[in-house]
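Per-chain numbering from 1; labels A, B, C, D, E, F, G and H assigned in written order.
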Amino acid sequence: MNLTVYLAGQIHDDWRGEVKKKAKEKSLPLTFVGPQTNHDRSDNVGEDILGEQPENVYKDDAASSINNFRTEVLLGKSDVVIALFGEQYKQWNTAMDASAALAQNKPTILVRPSSLIHPLKELSNKANVTVETVDQALEVLSYLYE
Amino acid sequence: MNLTVYLAGQIHDDWRGEVKKKAKEKSLPLTFVGPQTNHDRSDNVGEDILGEQPENVYKDDAASSINNFRTEVLLGKSDVVIALFGEQYKQWNTAMDASAALAQNKPTILVRPSSLIHPLKELSNKANVTVETVDQALEVLSYLYE
Amino acid sequence: MNLTVYLAGQIHDDWRGEVKKKAKEKSLPLTFVGPQTNHDRSDNVGEDILGEQPENVYKDDAASSINNFRTEVLLGKSDVVIALFGEQYKQWNTAMDASAALAQNKPTILVRPSSLIHPLKELSNKANVTVETVDQALEVLSYLYE
Amino acid sequence: MNLTVYLAGQIHDDWRGEVKKKAKEKSLPLTFVGPQTNHDRSDNVGEDILGEQPENVYKDDAASSINNFRTEVLLGKSDVVIALFGEQYKQWNTAMDASAALAQNKPTILVRPSSLIHPLKELSNKANVTVETVDQALEVLSYLYE
Amino acid sequence: MNLTVYLAGQIHDDWRGEVKKKAKEKSLPLTFVGPQTNHDRSDNVGEDILGEQPENVYKDDAASSINNFRTEVLLGKSDVVIALFGEQYKQWNTAMDASAALAQNKPTILVRPSSLIHPLKELSNKANVTVETVDQALEVLSYLYE
Amino acid sequence: MNLTVYLAGQIHDDWRGEVKKKAKEKSLPLTFVGPQTNHDRSDNVGEDILGEQPENVYKDDAASSINNFRTEVLLGKSDVVIALFGEQYKQWNTAMDASAALAQNKPTILVRPSSLIHPLKELSNKANVTVETVDQALEVLSYLYE
Amino acid sequence: MNLTVYLAGQIHDDWRGEVKKKAKEKSLPLTFVGPQTNHDRSDNVGEDILGEQPENVYKDDAASSINNFRTEVLLGKSDVVIALFGEQYKQWNTAMDASAALAQNKPTILVRPSSLIHPLKELSNKANVTVETVDQALEVLSYLYE
Amino acid sequence: MNLTVYLAGQIHDDWRGEVKKKAKEKSLPLTFVGPQTNHDRSDNVGEDILGEQPENVYKDDAASSINNFRTEVLLGKSDVVIALFGEQYKQWNTAMDASAALAQNKPTILVRPSSLIHPLKELSNKANVTVETVDQALEVLSYLYE
């Protein structure tokens, strides 16, 4: 059974590449999708497509409308979500995507370091499974096929 | 028309009291609900009810199951949500609640200072209305009755 | 049985007042809600609450976010929708509200003059009932209580 | 990931052909569907299939039932909607289809000329993304695959 | 706990009056709603409100749009449905209303004489409870309050 | 675009074979499903699988549970429904299936002879399209591909 | 805020009376509903209303159709569910009701003795909150009003 | 038409292997999925992936979160459910899965020995079909293709 997995979360290192490589090593029949991972492109896509905006708030709104469009399409087509939190940045998009996925009954794995146990406790309690590493998330996906 | 408003967001100052007072001054027929605002009680409610847990992660999970229960009941009964972000703390619960409300088609007003425009841009774009102050949020609620 | 009726449609004459007066004459237990009918307030509410915007497109978007918030709340609380088209103006809001109501399975009465039969034929076919006058719409509401 | 795109909107020029040609040039894995674009056939399909009707209102209702059937089937199978408004005609079908798509959580791109900013402001605010040209809409679709 | 009960089914004898009288005798806190029971009014309501139609098929469609509007509103507000079949007439409306209620997860009691066991077997199997008399249906409602 | 069509209705002549043959002639990419059309097998399947039952009412309930199971699976996988009424028999299953399909927003074509206009007027008004012959139903399906 | 609480679970001791008494002592604005707690009446209600059945399996099916009807109505009207497991009996109804409540997003508290931790681990993980005593369940309800 | 069948129920004998073998003999185009059937792996998967837990209740919760994740994914992708009860064990997972499937409108076949008629009567009444043997369940599946 082929499944599509949405990889929500930070775009500051190549954890998605790591997930894909390991899934391939395990020969899991998974297709991975996710947000734009080029940070500059993600921030500028509104002006790239719609032209210059008069202030940053409008530039940000234009970009976010297109980023949200992408997320809605790709998350909507997914069977499973992995949402990864790192130790830096606000990462409110990750919380937003994980919560939206859970509200749509998409089975969701939360990945977070132990340093974030306390501030993420309510989201962790709502997630289907909480793990600490990408390897553990892959073991959970792998368990679907045992 | 009486409406119930869920007040999601930080519990470190009395912004909910301010909202209620101003709604009363405007004679708006609104009932306000929200999370536990006693921070210690919110953190300890799991152990308060279920007894001591062996480690912090289990204490946090016990507390969050009861906090999430409260949120699901009260948010589920609400017609409108106000989600307020402040400049401090992770506030992932606020992002989680706002996103869950939006996924359930609860009309949602986001309140955030201008310093948070960029990191909240995607959530702001999904929210029905974004404002910068509690006063503005109340003006939006008041507009329902004009 | 008390019912709430959303009155979608143009705000250029007092047809809502006429509906309310006639419902009262018939002693129908109906509560009526609807959009902001003060045209200037509707156009300016974004800047009224959020302050001046740099261009008209942003002024319009700010106003429409607050108008849409109002519509979502009040339409969501309604049992029945009356959507009235007149001979002037684009009236895309009316089409948008009627279509949203129908997609949410809100029983909807379309009121349109015979001059608009052709351009409104698909919306008319989707509506539960199509009539030509406010009086006829009230007779349909009145039929609920026979 | 293959996606199906419903092209709602006016049928008075060949903008759909332009969209398809450009998507092909960009090698986007998209399937396009949409309404009947032969205007006479669209107006006459009721009588074509069901036989002559006694008056125009019945002819229009017969045609619209079959046009709406087509829209419900094809829009229901789509992942994404592009709704294009031009400067002429009532275009209430376009507003109806865009609003129905949004109510079903179909991610929707609105295309409208700047001359229509004001009358379309509420629909634009509800749409996921608003752009001014078909080229920009295609750039948004293309962004899904970056 | 007050409940609203929709009484679907034939309108050729006063079984609804019997239900209401017996519920009153048992002091059950029930509100009863249902279709138009004046047969002529039900058949003519389209022309009564919209004016004369050119053929019977249009007269019937006009009437049924208003009858269906009534059913959608009142069935939508109901907690429970009783659908009664008698030995005469086609009674396709009753089957339609019972099936629509079941599809909306409205708990539904089917009342049918033993002579109709075979032709109603699939609908009976889908209904929550099947009984043979109005008295038995009332005993089922009464059981809710034991 | 391949579509699956559920053919609800009487099983006393080979109208389904006619539909399939004509769809093939028109090269429409349609897959047809429907109820058990062997009348004896449909009536006896409960006892065939579960063994003899003590009375006809139990035999009928056993059969109908398996017939309803089949309908739920196959109707649930369908994109479009054709529901055909003939001049004989109660045909309450057809009304039940058409109404269930409409309640699930499955686009539905009603086929009925003109002699049944009056008793089927409410179901006809709810259906997306009403036609009188199988040929007309196929023309409607064919219109999806023009 | 008044809430309705469904009390699912065994009917072999008076734990529901205990819950109601303690809620009253705490002055919680709760209305409690639940299944028939007279065991004989619950087992016999099918024959009580529909008359003698030919075998136990039919007697049981008749009773269960009426018990399920009651559960669907009352659970459907509830805001919160408490599901209590004791150490005896199969209690499959309790598991069925708790799972149905969770699937309908009704916030649910599971009460089970520590001896049942292992066999109830999956249901406990799905429940919003798991406690061991009725007193703890009431503390959770009470927390809604702090 | 290919269908996916979820096989819920006990994991103490190889009834799933029997189902698959018989479906293959009948050449039914079915794909079977289900829970982890290695009992030790199912009990230990939490600690296998997340590491040792301080007490059994936490070990069980960790395992069940991953087992529930698997069930949600695979049940969510299924068209039909078979839920089998045997004479031993609590089998609350089976009741939970069958009830969740029914609440999601997944057509469900209950398999239970005649010794369990009474304690399973309510779940049996809710299931689409109840049979006593795996062979009978396969005959029901086979009936979909006649």
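Just so we're on the same page, contacts are C-beta pairs under 8 Å (C-beta built on N, C-alpha and C of every residue); 3 or more make two chains touch, one makes a residue touch a chain.
Worth saying up front: this structure is predicted, and the values here are computed from it rather than measured.
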(message) Between 0 and 180 degrees and rounded to the nearest 5, what angle rotates subunit B's CA atoms onto those of subunit D?
(response) 180
(message) Looking at A-C, D-E or B-G, which one is a repeat of the B-C interface (more than half the contact pairs shared)?
(response) B-G
(request) Provide the C-alpha centroid distance between subunit A and subunit F, rounded to the nearest whole angstrom. (result) 43
(message) Rounded to a whole Å, what is the gap between the Cα centroids of subunit D and subunit G?
(response) 49
(message) Can you compute the centre-to-centre distance for subunit F and subunit H, using the mean CA position of each chain? Integer Å is fine.
(response) 31
(message) Rounded to a whole Å, what is the gap between the Cα centroids of subunit E and subunit H?
(response) 38
(message) Counting only residues that touch at least two other chains, what does the list for subunit G look like?
(response) 65, 68
(message) Applying that definition of touch, give me each pair of chains that meets it.
(response) A-B, A-C, A-D, A-H, B-C, B-G, B-H, C-D, C-E, D-E, D-F, E-F, E-G, F-G, F-H, G-H
(message) Could you list, by residue number, the parts of subunit C that touch subunit E in their complex?
(response) 1, 3, 79-80, 105, 107, 109, 128-132, 136, 139-140, 143-144, 146
(message) Quick check on the complex: what are the subunit A residues that touch subunit C?
(response) 54-55, 58
(request) Can you check the complex and tell me which residues of subunit G touch subunit E? (result) 4, 31, 33, 36, 38, 41, 45, 48-50, 65-66, 68-70, 72-74, 76-77
(request) Using the touch rule from the top, collect the residues of subunit D that touch subunit C in their complex. (result) 56-57, 60-61, 63-65, 67-68, 71, 89-93, 95-100, 102-104, 114, 116-126
